[in-house]
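The following pair of complexes shares a single chain, subunit A, combined with subunit B in the former and subunit C in the latter.
Our next item is the complex of A and B:
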């Protein structure tokens, strides 16, 4: 251990107070993404135009789809005298150009710092425009970027959407799914599962089409797709809400709000990655609709188990450094344990305070398993750890590339953002199918490494 | 595909573009949308606030200061003072390249430092945290310079980044620490940030090292940010010609070069918008003339080299420049000959930058393509109409907020590189010194010019013009391609480049050829292919 700590002193290369190469994005980004998953909705940032531009370009570089985000374009005067005028004018212009059903308004650190009373301004604006036909629904999520990270903005927007739209109606047999910040491919897969169970459902948000759609045979001011406002309205009448995300607390979540306000039961699960967590999700669906899963998914599960059996020898005992949003890291870690890969570091820039405990619930004795859990870290921390741990694999988003290149440890890209590869929006992570895809990629990465390092360059497995 | 050169009456298009806006907005936008006449050069309203809710492609002051001007210098540690987003979003996203001489040489560009302001910092102030962050960066790297960039909340909560910088500079002793008040709400676009950056670099860096670099023809290259390796190609050509690059502002640059820049004998400016202040200030303080050049386009590169040789007035240099052009051009011409039959007569639209929308027209000219519409994102009137309009530009409230440095001749270092008479003589020979003629004089009659084009307007223009290629950035890329039109990214080059100089021109021709002739577009039915053709069409033919 003495050697180790000496080595550590030599290699520590990071600041303590400043954040060096962040492993998180800002709060409003998550809100914009969630708003993009509502049908006919234009996301709107109350603050400087630069935020809208930066966030657009960042989301676009991952999803490779157009993303319009309006802004109230603060200038110096606005910053001093308040944003009321700009917000109202901005809403008016967005309404006139885009004719949206919904405008999803998120605040930035600027409007939050000056303390704009957005709720009050919106009340006034609604009054002023009450006579207009086709006035859009205005949703407001408070997302100051000096609190939390992008994932908090995402959940805040989901919750704000329900607060604005959900209405008590006659109870029906539908189910709500709050999938967390997953890929468009994952969203499509979730929809397919629910449809195959013949469960009427609402997924919120649903950017599976808005952020991964086809060419436009006709012009669209707002891309087609997204959760319909009518469906969101009905969500209060559902038989239950399924919500993914181990660290997502009811007090901050969409399903939590529906439960407290309308008594819709909340079924809270980790992201279903790996066999065990996917089983848990399918079992819940079976319980909710009182019938067994369609054979198709039993088959997917069988194939996955078969693949685990066939691939185990290549990856068993390998180690990985894993990073990303806390919920993704927790479920990925559980999956890695399932296939015999040891996630020697589970890291996140997020800091809910729950990560370690929740991870412990899924994998048991973390220390006994040799798993280090660190929240609130940046890439300099992760890189330091990686240098010491020398894992076989790095698993996370594109931001780990520098570390991967330096250490010559392969990076398996998952989650968000993936801006140095093509097709990040089409990666599956969830369910047996998503797990299968992840498993194949992990096995192949290991095999590829062995093949490349082999002196013979064998060509047959 | 047949050439698309019949276009509707641009006046009608202009009116149609603003139809959907409320009356007041429409009135304002109309002034920024003009039909060009290179002879009389119409006025283009520019550098005015974007109307809230009109989705703009513009960025902010912070982006212009930290992202554009300071970002490419490899051995400054840049610290973003603010919440995490701004630092993250400007972390290596501009694809600036740099080439340290050895692996041991400092390169902090892959690092993204942020004070990651939390609520308590907003409430109780963030200066303390900032100072600790500076100390940490210093302890970590012992850099020559640390720069601090203010984001929106900083100005509002009253953090004095300049005082913090002064204090830390004194404390550290051997590290130049300076701050920028580039909060995102200042000014109307990233342009404000460019100006703020120019001021800071001029005040805190230029003039610190009076060592005279060897070389007969010494110049600085201003407004070249080495995206996709552009500066490397220009450096290659300079080397070949025997021209010494003292400093670049700021692609592939170092602190040492910037501090020594005032020892050069000429400033050549690529991106007029982002850096003309520096040229002006260096002329006033040190007596270094500046002139506009353009290394985008093979012909423009040749022309720019000839202009540099003409400025230095050295027969040997003139001869060498001609030799270099003679060596380089045949490769370029061969590619043009191969590609031009496929691109001739096609149309392009460019909506980008404060210079690029102008510069890249040269490359399209070389391919026989016509620019039917163009505009800048964050330029000022002089970038459209030429610098002669400068005295008539009204300074509005937004511009007034950006400091204008009062610069006087340096008592020791001011040395006019050319006498008044010499400058007059050069001007008489046709060499434009301290001038920029702007975009409009080069564009054809009846082409459409739109400043700060909105998302909505660009979509409408595509519908109307159906261009063969649209040049902009990643924000526009995917919506344009959904309509079946290829989009060339002129900010980050779709991971390609370089596009400057002779080799860059060839890269660009090949990329454009691949894009406009790509079979994939046959699979996408553009919306207008469903509509009745002919509506309002063919009012005039683009010449």
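Our next item is the complex of A and C:
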């Protein structure tokens, strides 16, 4: 009896209306991040001022870099009569002040709801400014937040960028890489791999410099770095596109568009985290350039296998609660299974509807493994589950800190945002190298816990 | 070096104090220019600033997820008890809600959350979208208030309907509905409310301690470490002490009109202003000279310990130049005085929401050559920091990376800071932070200070 009532008390109530401590952000944030990864591009939000400022603030707290996002600054008249005038004036002012090559326009809930015909307005604006030299390319991504979350905005911006810039040219031997929403350090690592394979490549977006750059001797309106527009134009002539993200469907993705429009084959992979998924990525590169991987990466793999052996006992059988964007969660879960850690909850605020199936493809029998999958949840749900499941580890972004503090379960910070630690932009997640870093951090978290809890305080562990 | 221009339509919001300059006629209190990267937020942000610290109230943001997600636990307002304000609640509107209206979702959310958290009151913030789809949030609030028996207060803070200041006003309107609903019989005739003090890093506690030491009862602090119950009794106080020009003067005015409670404006930053804040309150109670005596005692005690400490910093900081860009202009005055007291000068002074009088006063107190800006943006701020060769920028999170990229020291003086800067001890913290950033050896590697690129 006592057991049953305890169980009842512990049952998590699923049906609820309000969202409490969201485990997602809004679409325009994702779009602004993607636009920040295009060379000489200014992100522009068509809507009211607040959204742009909040998003800037949120991104700055993670990347610690200046992030200018312009806004068309709706007021009451704009909301009634439409945003055409404000949008045009805003574009003119951004052009004057920033002299950008590209303006990446994302819509907010407001302009979407009043139904502004942004495509039409931009057509008009282009006509009016056709004679001006140096008129920037205007990219438009539709990003209403009441459909989906930040990750959808990110992919929408990537796709819109290709739609605006990719052009059929003479076929060349390059590949495109659409890495998904990863860290600047990951982007640099991906570039290094492609370069070491001697593969001409285009990574989109590439905010590895714009959001993790050096000091300035003088003022830069737009930080240096980003994918060059010329390279984006050539992407239609590549031999293939590699695209990361298990739940990213061709109909919504950049690579999907290049395939349907220009016949560039799309190679769709999960984010390469863990040995197996990294192997798949490297094998694909080997096939594409018909040569083995550089020895350097085989060495990285060897070290990783060796580290798995050295560390396995500390972590075998440990359990984890895992949350974040769906694609990150899926690949992280596959990696955790590889090292003997059981992700007892895989949670995301995103809701593509594909998470469970895709996760099943990578790890097999979810129920048999004792892995619960929940999408469309917020942190109050995750916290409730954590109370029930009492995992050994919590793995996800900074926003799980409160729950980690309350439950006294250590938090291993990955992904975005990392607002309460230094250096989130320099964390690696991808490839053998990223996996190595993650593995070391997980093992060390367990060791640190043991050491702290031990009465003796061993200095060898 | 790149020439940095000023946008057409912004020239009038910038003024440089110099011999032969055109008559002072800065334009301000306008909505931001489209396409300029304003450092301002929106009406909703203003309301959140004012109401957020009320710790035993439910704060529900009605709209799509972003507005709530970006304001989740971002401010440093601390509470000595309940911490409901640190959670983020949103109706998280989806497409169907936008099409068919969000009233039902709002209603259900409220009922559910009030049951779960038993708040003392609920504030419902309407965001941009609500202004468009036309939800009658007043009606929903009335209904829920009736059913639950707690005050359920709509805050009309649609982002596009004005500036941050209108958000302050909307918040004050909501608070005004609470004021006057609690018992006041046992309130002392020597009593005040502290307005416009948000208890960042415990600042309200520092201030409160001084006043209580003077023998004054603090009925409520609005809204730092705020409680619904205290706000309801606020009309029992004899004086409203209002900090910062913008955010809560409108509540003080409303309370003066309705309850005949006078108000004074103060600032708690820097020695001079902090001391004045104590003396001005004491002056209001002349029939009790002990209050003034006590105020003098506090000031001389605090200054005695603080002054020698500051002298140590003064040597290192003398002659350094500062740029200030903060939310309200009133704070700028105190900062200028505080910096002067350690020998620093101010070369740029600006704010997001100052009014004409503020800027006029600012002009009076600034040195020759100082640039005054209203509603500035990163491009302009960089321009003036470079042109005026500032050694330090004082601002908020959004301004910080500009300073650091250019090799300039930075001090956070916004709502997110975690170190108290108010009061006498706050002055010490402030100058210490300035010193630590300006004097850090890391700048030797900054390209503008001779480091390699």
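Here, the second predicted complex is superposed on the first by the 446 of 461 C-alpha atoms of A that agree within 3 Å, B and C clash if a C-alpha of one lies under 4 Å from a C-alpha of the other, contacts with A are read in each partner's own complex, and residues count from 1 in each chain.
Throughout what follows, contacts are C-beta pairs under 8 Å (C-beta built on N, C-alpha and C of every residue); 3 or more make two chains touch, one makes a residue touch a chain.
What you see is a predicted model, and the numbers here were worked out from it, not measured in a lab.
After superposition on subunit A, the partners subunit B and subunit C collide with one another.
Legend: residue contacts after superposition of the two complexes on their common chain; A:69 is shown touching both subunit B and subunit C.
Residue contacts after overlaying the shared chain place A:253 against neither subunit B nor subunit C.
After overlaying the two complexes on the shared chain, residue contacts for A:229 are found with neither subunit B nor subunit C. Judged by the touch definition given at the top, the superposed model places A:176 against neither subunit B nor subunit C. On subunit A, the surface patch touched by subunit B in one complex and by subunit C in the other comprises residues 16-22, 24-26, 28-29, 44, 47-58, 60-61, 64-76, 78-79, 86-87, 89-94, 96-98, 108-110, 113-114, 144-147, 149, 215-219, 221, 402. By the touch criterion stated above, subunit C contacts subunit A in their complex at residues 1-2, 4-5, 7-9, 31-45, 60, 63-74, 87-95, 97-98, 105, 108-109, 112-113, 128-129, 131-133, 159-162, 377-379, 382-383, 386, 397-398, 400-402, 404-407, 445-448, 451, 453. Those residues of subunit A whose C-beta lies close enough to touch subunit B in the complex are 13-22, 24-29, 44, 47-58, 60-61, 64-79, 86-87, 89-94, 96-98, 108-110, 113-114, 144-147, 149, 213, 215-219, 221, 402. Residues of subunit B touching subunit A in their complex: 20-22, 25, 49-63, 79, 82-91, 93, 110-119, 121-122, 129, 132-133, 136-137, 140, 151-153, 155-157, 183-190, 397-398, 401, 455-456, 459, 463, 473-479, 481-484, 524-525, 527, 530. Residues 16-22, 24-26, 28-29, 44, 47-58, 60-61, 64-76, 78-79, 86-87, 89-94, 96-98, 108-110, 113-114, 144-147, 149, 214-221, 399, 402 of subunit A are the ones that touch subunit C when the two sit in their complex.
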